[in-house]
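One chain, subunit A, appears in both complexes that follow, with subunit B as partner in the first and subunit C in the second.
Right after this comes the complex of A and B.
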């Protein structure tokens, strides 16, 4: 009786009845805890679009890993991380040592990486399979993949805690930090490494194309609610958590594919926040017109 | 649009091929007899019956898909040169009559399924089925929804095929008729032994356990002949990305029907299949061969090997649980 009640429950039933739903839930939680805070720094550093470029940059590495070793979690992870780091470091070096700026050099590197990946995939055939693989599936997370996701979450949170001061300072005034110490570069590259491993984690769960969504959208939404870095990270993480679990349930009840539902949900939260949050457009309008009234 | 384009290229190219090369193919009864078979399973049978006297060319080769076959000019030329053409019939090769016309083929055309009792294609056979109906609309003419063309999946039907093949070859090459008859008799004996073996393997499994989930819709005759139930997977397809609900439906189906064997090649993400396996305790099993043989190194290089490989895969999957 009790059990039937629980199984019929629209919120808990799926997770009680199906192991794959529980694992998807654990994956979503890990990803939200880790990617959302990274996304906040990505936004503060005005690198949100760079996240997307990096997501494309890890794709060929993962593809090569897949083609060489099959559907091995380790091979695809290592491939993705190596490709991502190579692009991040390469474009950083070019930007600091030549007349090309950061954005252009990153675009150049990720385009090279992406086209290389597409070429390898086409030449080796089997691209239909690979497409499925690259889309990732939060429904297919096994024990090893979950362990990887939670490992990445741990590393990310620990690293963010350790480099928070130089990171925040570097966000606000990169020139100053570079003058007083070498910590600026360290923080920069450390952060890029975090970005890459989080994109790889997101790639395993949501697929390359969607991975960056759980990073950028919650951070952008949180911006309309709070100002300071700490609260930003908290709100972004909470939004990512709630929305990805809700997306999982919607995918279950409405029979829609999971990754797009989750990312679209995050997009919806962003639009709602933009409209209705304390720092969103409507309230700002109200406040401004209110001030005008007072003055008049 | 794509289909129209295909059809045009096909007609033009095939026409060209036929015009250019057909005069070469008129010589009669020079050995070996030039035979064309529509697909690999049939090609193997014709070769067994024909022996050394017959050279068989196959239009849809090993691993190919007869449903989406596009003839090449060189194949129109093959037909132009052939003395005898074999096809399965039952709507399996909707493209055959058109190909014979464009190749201006005047010779003997043997439909090997003649005389067998066709069964209706089952409505419940899932996603592949829908795709086939679409093909039919576009002129591929694979008439699922009416009768099931995969008659060779039952060995007694294959024995009937062999009789028709021998008759056809005798008519085309009277001098070799004795040889064809004795080849056919020897082959039929092997097929009877195969049939006995398949029945013996299934007899070892209680009837209630003979349930398989497969995305192939080609096993209607096998199911009828050997008392196996084939169910289509619910909730998942190749065409769309998996939803949580779809996976949940499949898991429920497996548990409810107490399925032991899962052959779902149309979920292309192997990780998802593995996940379903963990969830249900069913180990996803290997490959089934339905419409085509494997290449010569594969486990289903001949019809006999194909039927043995399928039966082994099916029974092992059920027993290993």
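Right after this comes the complex of A and C.
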């Protein structure tokens, strides 16, 4: 009885007691529902590192928004989205029209973007602002920020549903998609736009350094559990949800910063999945050594 | 399978194809009747793949015209496919992409569509593979799956660039039987090939290409020693200092 109460208290207590924890919970749920499916496509398109680069690319936009309007949600959001899209489209154009390839082109753009952002924040901001930008503020999400996160979740899920087929076919067989449909570049740029808005959402909650964590890590973990696109999205979303809520509680009880705890948790889930999941290292090993192969 | 009253006559008029003004195929003119089964042969670098790309509509001619071909009437299997065989999808899902023109990005994938997929898989000898992962297929099985996708595309004109390059004899025989079936259904099939014995046995018409048309017509009349010798001589290298061709259309 006593234990039960304590458990209730530890798991639910913070959310019952504190409004900011409820806000943070809602923010984490929105982010997980949206970022994890985007992360699955990021992985399938072999763009996980590109996601990380893009996360840094949104910094100067957010910083310029901050420079002009202070710590304003709208200004930093618009700035981040504009900077992210500019880098995505700019590096895509350079890759298609010059002898520079996509990876180098993106690296060039995001490095320019990142250094500009760090410069602006360091010259004009203070260290508290810098911490906010780098590590987010999931425990300080207000109503407007939550509305933004849920709006982004709605747009993301609707768009993913609409462009799912061209997006999948563009990963599976891009040449074939070009043969039968002109939707390839629409799907590509549509997906980049989703990536950018989700990074901006992640940036508000987790900060630029770790926004991409809630995309890449659940998707990579899910790969060890299931083998089809739909189940990958479901498992990645479930892992992201559970881990971010758990991370929130751990960070509350231990009084540790939230975003590194959440991303570390996701990292732990990834390592455990790699080891113990059905398609993970240990089971594969066991299967190979412990079983005789079939007759045919 | 549907018959193709709509299969077009393909006409090439003084077609010159190439890259950066350097022609890979010169002055090619010919008619291909609906329902033809045509082999395109020639030495390496003769412009065979270039011709297929132009017919598929992905390479614009330097000069001349291609008539009678619309992009939506073509199913094309390139020599180097972009297919990512490690993608997490089952065989039926991959083959179903052949129904793109009917189902599209948002259309409903019905039970009838699913049956057509399974029938196409059966036609290429992949029954029982419907829910297997694409990553479990061998090279020959992957090529069979690509042919199942071609079946579902059900296009009046089928272009194949070295379709049997990396598959064994049995797979080749099965896939050749499919080509004959397509021809009987009224489709026009063009295939780039290397095995002349196979061409003689299965392809009524042949184009021997060596940067320019060496011979075109009934296979027996095209594949002569004299024509092959001429094809070898015509294969000149890409010349940086090449002058402009006098016979510009």
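Here, the second predicted complex is superposed on the first by the 270 of 296 C-alpha atoms of A that agree within 3 Å, B and C clash if a C-alpha of one lies under 4 Å from a C-alpha of the other, contacts with A are read in each partner's own complex, and residues count from 1 in each chain.
The working rule: a contact is a pair of C-beta atoms (placed from the backbone, for glycine too) under 8 Å apart; a residue touches a chain by one contact, two chains touch by 3 or more.
These numbers were taken from a predicted model, which means no experiment stands behind them.
Chemist: Check the contacts made with subunit A and report whether subunit B or subunit C touches more of its residues.
Modeler: B
Chemist: Between subunit B (first) and subunit C (second), which, if any, makes contact with A:17: first, second, both or neither?
Modeler: So A:17 only meets subunit B here.
Chemist: A:163 in the overlay: touching subunit B, subunit C, both, or neither? Say first, second, both or neither.
Modeler: Only subunit C; A:163 stays clear of subunit B.
Chemist: Of the two partner chains, subunit B (first) and subunit C (second), which one does A:255 touch, if any: first, second, both, or neither?
Modeler: First partner only.
Chemist: Is A:171 touching anything from subunit B or subunit C once the two structures are fitted on A? First, second, both or neither.
Modeler: In the superposition, A:171 touches subunit C alone.
Chemist: Would you check which partner chain A:44 touches, where first means subunit B only, second means subunit C only, and both and neither mean what they say?
Modeler: second
Chemist: Which partner does A:229 reach: the first (subunit B), the second (subunit C), both, or neither?
Modeler: It touches subunit C, and subunit B stays clear.
Chemist: Overlap the subunit B and subunit C contact sets on subunit A and report the shared residues.
Modeler: Subunit A residues touching both partners: none found.
Chemist: Considering the complex alone, what residue numbers of subunit A touch subunit C?
Modeler: Listed in rising order, the residues of subunit A that touch subunit C are 44, 162-163, 165-166, 168-169, 171-176, 178-181, 183, 223, 227-229, 232.
Chemist: Provide the residue numbers of subunit A that touch subunit B in the complex, in ascending order.
Modeler: 14, 17-21, 23-24, 71, 128-129, 132-133, 135, 137, 139-142, 248, 251-260
Chemist: Could you list, by residue number, the parts of subunit B that touch subunit A in their complex?
Modeler: 235, 240-248, 251, 268-272, 274-276, 278-279
Chemist: Hey, which residues of subunit C end up touching subunit A in the complex?
Modeler: For this pair, the touching residues of subunit C are 56, 58, 71, 74-76, 78, 81-84, 87-90, 94, 97, 100-101, 104-106, 133, 149, 153.
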